[in-house]
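One structure coming up, written as structure tokens, with questions to follow.
Letters A, B, C and D mark the chains as written, and numbering starts fresh at 1 in each.
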Amino acid sequence: APGDRPSQAFDWFLIGLITLNIAAVVLETVPSIHDDFAAGFHVFEIVSVALFTVEYVLRIWVAPEHASFRQYGPVGSRLRYAVSFFALIDLLAILPFYLAFLLGLDLRVLRVLRLLRFLKLMRYSAAMMTMQRVVYDERRALVAALLIMLGLLIVASTGMYYAERHAQPERFGSIPAAMWWGLATLTTVGYGDIVPVTLVGKMIGGIVMLLGLGMFALPIGILATGFTQEVKRREFVVTRS
Amino acid sequence: APGDRPSQAFDWFLIGLITLNIAAVVLETVPSIHDDFAAGFHVFEIVSVALFTVEYVLRIWVAPEHASFRQYGPVGSRLRYAVSFFALIDLLAILPFYLAFLLGLDLRVLRVLRLLRFLKLMRYSAAMMTMQRVVYDERRALVAALLIMLGLLIVASTGMYYAERHAQPERFGSIPAAMWWGLATLTTVGYGDIVPVTLVGKMIGGIVMLLGLGMFALPIGILATGFTQEVKRREFVVTRS
Amino acid sequence: APGDRPSQAFDWFLIGLITLNIAAVVLETVPSIHDDFAAGFHVFEIVSVALFTVEYVLRIWVAPEHASFRQYGPVGSRLRYAVSFFALIDLLAILPFYLAFLLGLDLRVLRVLRLLRFLKLMRYSAAMMTMQRVVYDERRALVAALLIMLGLLIVASTGMYYAERHAQPERFGSIPAAMWWGLATLTTVGYGDIVPVTLVGKMIGGIVMLLGLGMFALPIGILATGFTQEVKRREFVVTRS
Amino acid sequence: APGDRPSQAFDWFLIGLITLNIAAVVLETVPSIHDDFAAGFHVFEIVSVALFTVEYVLRIWVAPEHASFRQYGPVGSRLRYAVSFFALIDLLAILPFYLAFLLGLDLRVLRVLRLLRFLKLMRYSAAMMTMQRVVYDERRALVAALLIMLGLLIVASTGMYYAERHAQPERFGSIPAAMWWGLATLTTVGYGDIVPVTLVGKMIGGIVMLLGLGMFALPIGILATGFTQEVKRREFVVTRS
């Protein structure tokens, strides 16, 4: 049953295990750490897969006890749970290991797929679901903001290409090269590895910076409005019930 | 008729064609790509203009069938459509090619004008129109924010010019030179190609950074409020009808 | 009378004159421009002050015709106007010139004071007044956000000082030196002239970057809420009357 | 009594003293300043601790006069006040000095703990409390935003590691090394000390920049909504009473 003591301990144990798995994938790439603990990482991976498999089987097993599945009988409820969003994520977290074991696949690809275990964390954050819904509800506006951004990027990069290509041919030698500068400037990241040096280039650069400021405002305005509406909707539901 | 199967396929075909056109303009400037596919780019340009011309003629042709133009008769409705916003954009997308062909103009200028085809994408995103309306409704506030920004920029650059001109005369040798630093800092782009080195310069720089943070807030606050109002207005309309 | 044809032309002429004045102050510092047009800048300054003086005298002169001053009589209304916000700004825009002329002051200081003419533009943007009111209404929240920011800055800089002072003594040799890095990071400007190199320093740096992201949210959230309330208040007034 | 003349002067004196204490901790680390004023800093520290001790004892002493503690009697009210949030902060501000004096601890650690005195400023800003409440109310959403950010960071860094590890083995030699780049890019700080150089790396970098833009929007949207609700709640309370 959800909410009681052992169930909560089980949840926290799994959150810890997932976190350790992600940390292992990340740390394994550090040469010095990999050389010292290669065997340890291997054992940890096998133990993790075993535990995630037990978790997966248990969740399939208890599926008929869920209120929303009860009506479908012992087999139907388990099948219905098995094709649900979270069950598929749980399967994706362990399947690559077994496939690699059976088919003798390269372990290098496997390592990246282990990062999919991060998705298992979604089960434990209701707020993450709310955010996902806000992003989904506002997807048209976000795509439009992205389009405006791309339009600006192309215009800015084309202008900068014509302004700087003679002064810095190795840095602004083509529009795609200028787009690297354009993205870094419009998003206000500003690495500074490529900067305009001509007067016209700096004037274009200044305008692009100001437009970048405005471009920040678009997705933020969209999402802030989305959050406000989501909150209002929830309050409306509460008031009604 | 809009919304049916062939009409949607037609829309998607045009969106793809426009995207390929933009990609061609961008990629053509990469020397290695241009040298290998010069003929291909030329053929693609001619085919594109032909297709856009067919699209333009067809749209003029079917104009009398639009509900909003029907009352003006076969000639009047077509003329009225021809001077509408989207028809002018469609004309702008193909006119430079024909003008260059007839007048024997330089093809270099033509290339940049081809980017105007990007505007044809606006027809397919209703959200982009909403954003445009929000920006238009809040134009006074945005201009005021720009004015405040320019005021800050001039004060910051003047201060930095007096603080750094002896320490770094080749970088902060005039107020316009200091304005390049000022814009990069106030917009939080921060290239790092020009940074203050004196104590007074760093103190001014620190204050400018904090003000830059506040300046981000102005357009965002304006546009977020604009979006919220736009949404409310639309809901109001829905509730009424 | 405001709103009629000549009055609008007068306004636009003044906006243009103020803009040219600011441009003159900025461009005068470019050595090559200053050397070529020194006499021109001098004549332009004198003509500008003459025109601004005429504007000031005229505005004082017509003060009794303003609805809000009419009741105070010809002298009282002019005195009351003379101590109003905009009249003082108009005075500040010309006073330094006359003082320098009378007292024989250094012209260098005068140049900076000429930037005060920028404030004359405030008269022409109602939205700028709205923004000022929003910032004023939210001043307590903005000061609190600044305090939180300063607290974070001091903690981050102290941590970075202890992490990096042995690895980079010439860059992180004291907490004030580390604060230059801290400000550039917390405001996401990120010049890159000073960056941590030790493992502990990079970990502290990563946390500071994430906190900087959150710190952006504070003033934006405050001002966005302020704008929303200002708009609501205005609508309330409109609905009532 | 709060609000009267001497009480306000007492508050401003303490705010000044706290500010000077923070400034002393920061400036003491500058070698040239420390060498010149070592004795002065020592005296100032002793005087400050003495004054803060007097403040602490006085506040404990007058605790029974507070309306909310009156019912507990002279001893009970003082004990209850002593374990309140602000009393504990006041204790933390002086305790390290006495412990170091009694136990003969290292003065280096003491210096950092002196920064805790900054927290004493919280007593004087009601807006800071509001912000704290907003952050607390939205903690679930902020944690979820942090989780999404970490997920993006790990995916971005893993991708960049595979794209750049052969081209720049000394900069992108492991996923943790790539995470330093990833954080600087996702938060739009963009130091520029580590940037991708391969084509695939730059394409991944461009996508990460755009996602970074979106990530800014999440905490801002959350906090802006939080502020709006807090303001509404306060207005509701005002309307009711």
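Note that in this section contacts are C-beta pairs under 8 Å (C-beta built on N, C-alpha and C of every residue); 3 or more make two chains touch, one makes a residue touch a chain.
Values in this document were obtained by computation on a predicted structure and should not be read as measured data.
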{"item": "Angle, in degrees to the nearest 5, of the Cα rotation that carries chain C onto chain D", "value": "90"}
{"item": "Chain pair with the higher count of C-beta pairs in contact (A-D, B-D)", "value": "A-D"}
{"item": "Fraction-based call for chain B against chain A, same above half, different below", "value": "different"}
{"item": "Whole-Å separation of chain centres (CA-atom averages), chain A against chain D", "value": "28"}
{"item": "Whole-Å gap separating chain B and chain D, where each centre is the average of the chain's CA atoms", "value": "40"}
{"item": "Residues within chain D bordering two or more other chains", "value": "179, 188-192, 216, 220, 222, 224, 228"}
{"item": "Residue ranges of chain A touching chain B (in the complex, touch as defined)", "value": "140-141, 143-145, 147-148, 151, 154-155, 157-158, 161-162, 173-177, 179, 185, 188-192, 195, 202, 205-206, 209-210, 212-214, 216-218, 220-222, 224-225, 228-229"}
{"item": "Chain C to chain A touching residues, read off their complex", "value": "188-192, 220, 224"}
{"item": "Touching residues on chain B, where the partner in the complex is chain A", "value": "22, 25-27, 29-31, 112, 115, 118, 121, 125-128, 130-131, 134, 142, 146, 149, 179-180, 183-184, 187-193, 215-216, 219-220, 222-224, 226-228, 231"}
